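Each of the next two complexes has chain A plus one more chain, namely chain B in the first and chain C in the second.
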Partner chain A sequence: MKEVVLTPKEQPSYGLIAECISCDVFAGKSIDEIKALPVYYGNKQGELGDFFEISGEVASSAEEQRIVIAGDVPKTRWIGKEMSAGEIVVKGSAEMYVGAWMRGGKIIVEGNVGAFSGMLMQGGELYVKGNAGDYLGCSYRGEWRGMRGGTIIVEGNAGMEVGQNLNGGRIFVKGSVESFAGVRMKKGLLVVGSATDRVGAQMVGGTIVVLGNVLRLLPSFDPAGEVENPSVADESFEGVFNKYTGDHAERHAKGVLYVRKE
Partner chain B sequence: MSGLILKNGYVYDPLNGIKGEKMDICIENGKIVEEVSDAKVIDCSGKVVMPGGVEIHSHLAGGKVNVGRMLRPEDHLKNVYPKTKLTRAANGYSTPSTFLTGYLYAKLGYTTAFTAALPPLMARHTHEELHDIPMLDKGALTLMGNNWFIMRYLKRGDVELAAAFVAWLLKAVKGYAIKVVNPGGGEAWGWGRDVRSLDDPVPHFDITPREIISGLVKVNEMLALPHSIHLHANNLGRVGNFATTLETMQVPNGTKPARERQVLQLTHAQFHSYGGDSWKNFASEAESIAKAVNSNENVIIDIGQVVFGDTTTMTADGPMEYYLSSLTGLKWANKNIELETSPGVTPFVYSKRSPVSAVQWAVGLELALHINDAWKVLLTTDHPNGAPFFKYPTIIAWLMSSKYREETMKEVHSAAQKNTTLATIDREYDFYEIATITRAGQAKSLGIQETKGHLGVGADADVAVYDINPEEIDPSRDYKLIEEKFARTSYTIKGGEIVVKDGEIVKVVQGKTLYIDARVDESLEREVMRDIDYYFKRFYSVNLANYPVQEVYLTNPTPVQIDATNVR
Partner chain C sequence: MQRYTDVICSFCGTLCDDIEVVVEDNKIVDVKHACRIGTAKFLASNDYEHRLLKPMVRKNGKLVEVSLDEAIEEAARILKDATKPLLYGWSSTSCEAHSVGVELAEELGGVIDNTTTVCHGPSVLAIHDAGYISCTLGEVKNRADLIIYWGANPMHGHPRHLSRYSIFPRGYFRERGQQDRELIVIDVRKTDTAKIANKFIKVNYGEDYELISALRKVVNGGELREESVAGVPREEIIALAEKMKNAQFGVLFFGMGLTQSYGRHRNIDNAINLVRDLNAHTKFVIMAMRGHYNVTGFNEVLSWQAGFPYAVDFGRGYAWYNPGETTANDVLQRGECDAALIIASDPVSHFPRKSIEHLARIPFIAIDIHPTPTTQLADVVIPSAIAGIEVEGTAYRMDAVPLRLRKVKEPPEGVLSDVEILRRILARVRGEEALTAKAEVAK
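== the complex of A and B ==
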């Protein structure tokens, strides 16, 4: 794999729209061409080279490309948008929309990511060592057909509406999530360490597994007994879980919710 | 302004009976003229020249269009155009922004478009949106089928007062024609109900849809409005609704039109031509509807064709939208326009794998192909209900090529083959008929055929030039080329100016806004004003003085003067 290193220079104090940071875009270009890729901030257009020192080797195809962002980019958005292959490593935190519409490849963020990360993912893997913001693995505003495939793993916590409208793929949040995890979920798997309230609201399909506590369960979920070491697809979970089905406030709801018994 | 000569094109001008003759079209001062000196010559040899397209039924602007935009942020994402030196930043697929609507129509060669449903109380907003739609001459069909005043007058048999009210309303809201949507059903929806037949009474008004339709037909002919009444019949989209539609077509029987046109335009007929008795045996009854249209002098239809894909449905038929959203389980918005109407909005996906969508697709084409006289068929998608308007080239290609229809039928659910007659039809439209259903027929139906929809001397210089050589191309075989070429004109000329060249906007212009300015007898007007005054004080949320829309909201206001002082 060939590696291009982006070393952050002075960053704008508001959002830097850098959807060009993607292995698909970089592959086959020269370093100078990469420096000249357009970025947007406020109502201005700039070049990627204005905000990053860029060095390294460019591969001819996205599969062979690795991009390393060597530091914190807490205002940079849309990293890895629509990426289909290759690898991006962020050695710090990034802002919103990391890996939106991602189709393949891998993004590793060593710090935190902002809201709407992994939005409408179709494939690939997004791995976050820190925390994620709200709407992790969600759909675009108004869209009822959500994330279709791929895997998101968050070692820390995530905000509200994780996996909103989830329509396939897997999301693992090892820490806690806030309200409305898996809201309007249809397919796929959402695993969280612990949850607060309204888990699985309006879900009609798919599976949510809570490895710890749920603060409050919705009354529209029906208990369906206890299950020991449940397995969902090829994932299995150790321990005894209370199984629920729902959300029966919806028609023909076939969602499944496991909450580990204390 | 110097002139233009469109030289040597193959001209299709159905209103003047010109079928692909090689001709020169001369333009001066925004009009078609006999000859012109000092003119720029555009070589149109090997190209098709047609009058600018006329759109009779499209949800361009208004309350529910904006609700659709708000309801579907995800729709904006699909079509994004950055700002250019000439054009504004724009977006939207099934709910395009105002500017985009104008640009896209111009690229298709359309130069006139009427918005399908103006709720009177939302008129100011609608005109503000129309104001921001460039490139087109515009007008608004005005919703009246569930209006309290009209239902009361018609129930009492006061047709003259109803006519005077319609005249006042059209002038107040700067509307162009009488649009009737699910007559009575919109009002019943206020009570959580609907009307399901022509003789279901409307709650509290004790009037039936039949009485509303026949009353408004009378009013329309009394006032001799340029367009006929524009009817979205009851039971839209319901299984087996063709019976209601057939009955509805009989309602104006015996009425003599006050002008040279139909007395009833049955709009988006595709949605009203369904047989079967459940979604399981949902079938087409397009043939029986077409037969009825063929034998009825008074009725024409516009198709309301479905094209597969994702769209937003929006209509003033509130109960129908609720019913649809309960079938799909998708998001839904409803509006209540006080004493006037109650629209709804919900997204819809016409899927090739769905038997119902497949039949709907076939029904629209069947209607167009079974109705013998092209003057009785107008091409619409009921934008955006059947599909966004920029899918017209695909529909034109389907109509011109039975091979294309066969190819599509292979891709869609077999219900299209089994439950419709589409596979048995060989008829293919020619360019002349395409020009009829997209321009001439629409202009004639709207009563604007003097200046629009043709290329005779004296017509507005609205012209579309397509890069199609009718002597070389075989539309039946080269349907993909037809689809491609009709999607972007070589030239669109609006009011004598080149606005589109090779599919790109080269000039942005503002069109006219047509509205009806009908004068009625003074004593009749006084009587109606007394009622209006009382109702506004009692029921409306706005003051009467704040209701009428001033001309300043319109681009190039163009009143159509009507003298109806003989109505008394």
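== the complex of A and C ==
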């Protein structure tokens, strides 16, 4: 794999829209061409080279391309938008919309990611070593078909509405999540370390697994006995779990919620 | 002496259209039919002591009186120099002003947002997800036999809502008025509206969502396992669900108690779905108790000009909308905007401290009718005339029915309408020669 290194310079306070940071866009370009790629902040347009020192080797295809962002980019948004192949490594924290509409390849963030990361993902993998913000793996406002495929793994915690409208794919949050995890979920798998309340609110399908405890379950979930070592698709989970079905506020709901028994 | 009838009251979203106003020597001497708040607003227009009358610009840290042209010029300069200007407020002025405001935001490539962001913004997000099964207030008056106020206290916020539309009026199918209707109030405390209700249901603070879920489960034929949900006993939830299913025409009015409590837009999402479920059994509708008199109007205007109801960022030349990123408080708290124009609103009194800390750091323009904490912090202050009393315009009632605001008296000398002020700022931003006050008179 050939590697291009972006070393962040000063970040604009307005928020930097850098959807060009994607292996698909970089592949086949020269370093000078990459430096001249457009980025947007406020009502201005700039060049990627204004905000990053750029060096390294460019591959001819996205599959062979790796992009390393060597530091914190706390104001940079849309990293890896619509990426289909290759790898992006962020050696720090990034802001909103990391891996939105991603179709393939891999994004590794060593710090935290902001809200709306993994929005409407269709494939590939987003791996976050720190925490994620609200709306991890969500859909866009009013879009009822959310994330369709791919995998999101978060080592830390995540905010509200993880996997909102989830319609396929898998989300693993090893830490805790705030309320409304898996809200309006339809398909797919959501695994969380622990949750506060309103898990699986308005879900009609798919599976949520809580490996720790849930502070409070919704009254519209019904218990369906205990299950030992449940397996969902090709994932299996060790231990005894309480099984619930729901959310029966919705008609014909077929969602399943496993909560590990203490 | 001049008597005006059918004047629209420009205070709350009820937009009462039956006000009588008597004017003598350009002073309002009598107001009939309006509530206490509305009456106070009409009468306060006589009080020039507490009005902004002269444009001001901050020089060496102090606001000093300047000519209108200088204030407009300075406002245009601040906005033009900005990379990410925020245009906020809008809910207490006319749609004509909104229209120019959206044009200005697009010209500047700025972010435009209104007070929806801190009131029924969550309702808008829920409507994106769940739709909106609603009607006009006239239908409520003529048909509704079950009225529910959830997290709303119209006795204080919309004083004539009960008497004009929901409980007391005699309607076409409700000839005996109040006797033909039933009022249920669901709230965290026994409000003054709850005191006159046939039934008051006290819900635990922050557990509205659970109660709605339980209601939906019962309405959809499920069984409730819990003895009580959100502090409401099971029997009471089942009885409420039965009552809702058996109503001839039910209305669920909801307010800030639902939109700004724990769960926010998901509370509304669930409530709209409850109403959808109820329509399998009877006719049921839902309506947001909009606060400012023309907050709905801004949502309408922005929707037809930019495609989205609030919080639009024109930074890239087209409208981008995602509350959480483009909403006023988020833009302020992340320190993104570098200038602002605040019109017909007082965020310094109402926004979180962190937002105001950033607002205080950046240059901003305030356009308002009277001094507020916001105008005291502003760098340019431009006085404006009161829409609905001193200038005409269009406003949208909470049920999205447009009504024509009337002019009953002249504004203070030299004070322009919001529309005219914004047109002049827009002209200067575009580098066109704005009409000066003198040229306007000559014309």
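Convention: the second predicted complex is superposed on the first by the 262 of 262 C-alpha atoms of A that agree within 3 Å, B and C clash if a C-alpha of one lies under 4 Å from a C-alpha of the other, contacts with A are read in each partner's own complex, and residues count from 1 in each chain.
Note that in this section a residue touches a chain if its C-beta (ideal position, glycine included) is under 8 Å from a C-beta of that chain, and two chains touch if they have at least 3 such contacts.
Keep in mind that what you see is a predicted model, and the values were worked out from it rather than measured.
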Fit-or-clash call for chain B and chain C when the two complexes are aligned on chain A: clash
Chain B versus chain C, judged by how many residues of chain A each one touches: C
Which of chain B and chain C A:202 touches, first, second, both or neither: second
First (chain B), second (chain C), both or neither touched by A:140: both
Touching partner for A:180 - first (chain B), second (chain C), both, neither: second
Which superposed partner A:247 touches (first chain B, second chain C, both, neither): second
First (chain B), second (chain C), both or neither touched by A:116: second
Superposition clash, chain B versus chain C, among 225-233, 279-287 or 333-341: 333-341
Footprint overlap on chain A, comparing chain B with chain C: 140-142, 144, 251
Chain A - residues contacting chain B, complex: 139-144, 251
Residue ranges of chain B touching chain A (in the complex, touch as defined): 71-75, 77, 329-331
Chain C - residues contacting chain A, complex: 82-84, 108-110, 125, 128-129, 209-210, 212-214, 216-217, 220, 222, 224-226, 229, 262-263, 266, 269-270, 273, 277, 314-316, 321-325, 334-338
Complex contact set, residues of chain A against chain C: 13-15, 17, 40-44, 96, 115-116, 134-135, 140-142, 144, 179-180, 183-184, 198, 201-202, 218-220, 222, 247-251
